[in-house]
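The two complexes that follow have subunit A in common; it is paired with subunit B in the first and with subunit C in the second.
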Partner chain A sequence: MLHTIKQHNKVAYLILIFAIIAIVPFIINDDYFISVMNQALINGVVVLGLNFITGLTGQMNLGTGGIFALGAYVSALFNVALGLPAWVGLAGAVLMGFLIGMCLGYPSLRIRGVYLSLTTIGFTEIVRLLLNNLVGITGGTQGVQGIAPFRIFSFAVQGHRSNYYFILALLVILSWVSYRIVHSKWGRALKALRDNPDAAESLGINISSVKIMAFTLAAIYGCIGGSLYVHMTGYVNPSMFTIDLSIKYVIMLMVGGIGLVRGNIIGALIVTLLPEALRFMGDYYQLVFYIIVLLGAIFLPDGWLSIVGVLKEKIFTGNSKGKAAKT
Partner chain B sequence: MINSIMQLLVSGLAMGFIYSLVAIEYTLIWNTTGLLNFSHDKLITLGAYVFVGSYSLHLGLPIPLAIVCSLLTLWVFGALMALVIFIPLRKKTSTLFAIMGTILVGKIIVEGIRLLYGTFPMKLTGFLAGTVHIGGTAIATAYIATIFVSILLVAALQFFLHYTKAGKAIRCVSQNQKAASLMGINVNKSIMVTTGISAAICCVIGIMITPIFTTDLNMSNMIGLKGFSAGVVGGFGYLPGAIVGGLIIGIVENLAISILPSVYKDVVSFALLILFLLIRPSGILGKKA
Partner chain C sequence: MSEKTPVILEIKNLTKRFAGLTAVNDFSMEIHHNRIHTLIGPNGSGKTTTVNLITGVLQPNEGVVTFDGNVVTNNPPYQIARAGLGRTFQNIKLFSAMTVLENLMVGGHSKVSQSLPAFLLNIPRARREEKLLREKSYEVLEFLGLAKIKDEQVKNLPYGLQKMTELGRTLMLEPKMILLDEPAAGLIPSERSQFVETLKMIYGKGVDLFLIEHNMDVVMNISHYITVLNFGSKIAEGAPAEVVNNPEVIKAYLGERFKNPTDTVSGGAAENA
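Let's look at the complex of A and B:
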């Protein structure tokens, strides 16, 4: 009984968050703000994917930049070079994600911890260097231009507002899928893998297939994010797909609270919007931002929102070792 | 043809020694704290900026004095960094936070540099400039200096680790922290000394690459990443492995230019990194895990 109530609460939180996001454009009527929000929503899609591998199984994946880049380029080139509609590009990006997941998932069976971070960093760097240098296919540093937007029947998804609701709709669907997976047998298997791989294996969980599945999901979500991004901006070049991008996604995951679907979306929103809020600090905002994130990593490992729980317990029970609720 | 291969070999050797030093510098911290210092390339940048920006251009010190001052500055900085960040992070059970912690420290250092020195690249003209002719092959002085300094530094480090009390304590801590602390070794102090040495080596690397690259915020990104490849290729967490791995990466990627288009030079070391992690994760010299 208690369990189902808790479950309902989680869904209620998610619905509340999406409802707030949906009415934001009516309250803040500013094109620039909405374009930043669009970016935040796309980041939300990517972080939902990263949550499977880094959040649930605890494997450090610093390859999100490369995954995002490949999804973006596949979708862009399907559209520009082959003349296919954006939806086919999106399907191509999903296929690309599937392939990356298989390719990155296999090494993750043998290596873990910092070694996996190094492999994924190597992957991101190779992708970036290839995108820069395979000028014949990717256009090199010039990038790909004139990418068509998504079309729903005869309606082209153009402009900040239509993109906003289009991406939001996809984000709602994808977070529903993600929520269902996290709270399914698969999701519990992933968590078991993080906490104790040996025990998980002895209970009949096939570690290899579960790990590869987590990687594949992460890559598919990342590639969908890339596809949405290029069809929104209509332009892509390799300069943004550095390791810094991968790091930013992990920061979003940490800020939101690792393992929580609603945390992923809140983390993406906070990290994307915070630079705008801290703009008054001028040159110092990045320094301040990173210091806050570092302090958060040390003192609030369950995400910034867990500060509410920590304070509550401190105030009401006087217990200094207060721990926030976990999934 | 032979001349150009000679040139590539020498520059490969010099870069190889730099990668070796990078690998040594983070292996020291890895062995004592179990943390992979992802902020190490930022420490290299910091070392270069402190040397070029503060001591040489701003204060106008003679170069030897500037080098000594920068080394001391970075040593103190490293020890403080260990005290404030690495020692608390070490107690985190999740590798996720440990990795992100060191990455964020690197971000903070870079932002600090940007605010202190500005975004304009700097150049110290005349420092290790020019070329030396050996048998008809022109070789940059900076490369030769790099090779000599690296060999000296590696020898000095081996001497320190094997024949001094502090060095032996560091080796004890890296083998078994519990036993070391039971034998009366101050583990935290050892970690501070190690991180200080590591930061000082970063400073040496930073100083040596100032004639090769311009001093800017991204100068050491590639070197830092290739240092990781070097460690993996040679044998992770093993100092002789770090040296061998660095030399292999340096020479292979320089000789690859003569076969591949030069833009793929950087791809080679990452391909080697992934290949070794897949086929032989323990590296060339490492023991089987």
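Let's look at the complex of A and C:
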């Protein structure tokens, strides 16, 4: 009984968040703001994926930049070089994600911890260098231009607002899929792998295949994000796909709080919007942003949403240990 | 308890060497169905290595492990678990960030078959599987008397209840046999006797038990058959009364005080606890 109530609460939060996002353009009618929000929503998709591998399974993946880039380029080139519609590009990106998941997943079976992080950093760099130097295919530093938008029957998804609701719709669907996985035997298996792989294996869980599954989910979500991005902007070049981007996604995951679907969305929104909100500080805005992130990591390690719980405990029990002892 | 019951687990000429040290040396034993079997021996005698060889965590240099009629040597641990060999760990290995119920549900993971793509597409079946797992977990929790604490995070539980949770999680695998690595370690006497009663209840349900145990109180209370290991080799085997009177066992493991089992069982147990 308690379980179903908790479950319903989680869904209610998620619906509330999406409802607020849906009415934002009616309240803040500013093209630039909406374009930043579009970026935030795409980031939301990517973080939903990262949650599987880094959040639930606890494997630090710094390859998200490379994953995003490959999804972006596959989708862009399917459209520009092969003349296929954006939806086919998206399908290609999903397939690409599947392949990356397999390729990144296998080494993760043998290496862990900081070595895995290094491997994924290497992956991002290799992708960026290939995109820069395979000029014949990728256009090099010039990038790919004239990428067509998504089309729904005869309607082209163009302009900030159309993109906004299009991306939001996909984000809602992908959140629902993600939510189902997180709160199922698969989500539990991923968490089991993080908590105690030996025990998971002793219970008949094939940890190798579960790990590869987590990588594959992360890569598919990341590639979908890349595909949405290029068809929104119509242009892509390799300059943005650095390790910084990978790290930004990890920050989004941390800020939102690991494991929860709503946290992934909130994290993506905060980390995308906050630097913009701090721009009035001129040269110092990045500095201030990272100081805020650092303080969050120290005082709210379970994500910024956990401030509600922390405050509640402080107010109702006087100290943070009192409640834990009582329950 | 008769000698005629079929063999559920057979270890044949098992040898494991670690860089010059022979941890298990040409060790053979048979565990019969319907006979609670206990492996005892001094620290460093190779008990845990034997467990790891049986469960697939380690691969033997020589020898064969047969479980339930199938050779399982060199199979990965998850396959051996799926074949019906459950286990608990010497120092509890729980999923500490999860609740008791969730721990049990992970235990049943391999008992529901839907793959991830099927899970994403066939929602009604996914719901049924989840419900099945939940109901089965409730059953096991009820059986072990853990129903009240099902929503507690396991890291907040006392040690005894954590051990019970671990046992419940293994039961979710519907094992044919459970291998318990020092189940009584760290339990206070009252918890210990309760745990032994629970083990007997599980045995009563038709699950075979194989214990690695130090606590002679528990060993004498529950075992039908005992194998003694020393320096990686078997030094004795037989019914409890025979084994505790075996001079070699007394010398290697039990100590002189065990010569007369009638008045020394409890004393020796306290020492070994």
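Simple rule for what comes next: the second predicted complex is superposed on the first by the 319 of 327 C-alpha atoms of A that agree within 3 Å, B and C clash if a C-alpha of one lies under 4 Å from a C-alpha of the other, contacts with A are read in each partner's own complex, and residues count from 1 in each chain.
By our rule, a residue touches a chain if its C-beta (ideal position, glycine included) is under 8 Å from a C-beta of that chain, and two chains touch if they have at least 3 such contacts.
All figures in this text were calculated on a predicted structure; none of them were measured in a lab.
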{"item": "Fit or clash - subunit C, subunit B, common subunit A", "value": "fit"}
{"item": "Partner chain(s) touched by A:R279 [first = subunit B, second = subunit C, both, neither]", "value": "neither"}
{"item": "Touched partner set for A:V177, first subunit B, second subunit C, both or neither", "value": "second"}
{"item": "Partner chain in contact with A:L130 - subunit B first, subunit C second, else both or neither", "value": "first"}
{"item": "Contact breadth on subunit A, by residue count: subunit C or subunit B", "value": "B"}
{"item": "First (subunit B), second (subunit C), both or neither touched by A:M254", "value": "first"}
{"item": "Which of subunit B and subunit C A:I205 touches, first, second, both or neither", "value": "second"}
{"item": "Which superposed partner A:Y115 touches (first subunit B, second subunit C, both, neither)", "value": "first"}
{"item": "Nearest Cα pair across subunit B and subunit C, whole Å", "value": "12"}
{"item": "Subunit B and subunit C footprints on subunit A, overlapping residues", "value": "none"}
{"item": "Partner subunit B, residues of subunit A touching it in the complex", "value": "54, 58, 60, 107, 110-111, 113-115, 117-119, 121-123, 125-126, 129-130, 132-133, 247, 250-251, 254, 258, 283-284, 286-287, 290-291, 293-294, 297-298, 301"}
{"item": "Interface residues, subunit A side, partner subunit C - complex", "value": "2-3, 177, 180-181, 184-186, 188-189, 191-192, 194-196, 198-207, 213, 324, 327"}
{"item": "Subunit C to subunit A touching residues, read off their complex", "value": "55, 57, 76-79, 81-82, 86-87, 89, 93-98, 101-102, 105-112, 116, 119-120, 123, 126, 129-130, 133, 151-152, 156, 169-170, 172-173"}
{"item": "Touching residues (chain side subunit B, partner subunit A) in the complex", "value": "36, 85, 88-89, 92, 94-97, 99-101, 103-105, 107-108, 111-112, 114-115, 225, 228-229, 232, 236, 261, 263-264, 266-267, 270-271, 273-274, 277-278, 281"}
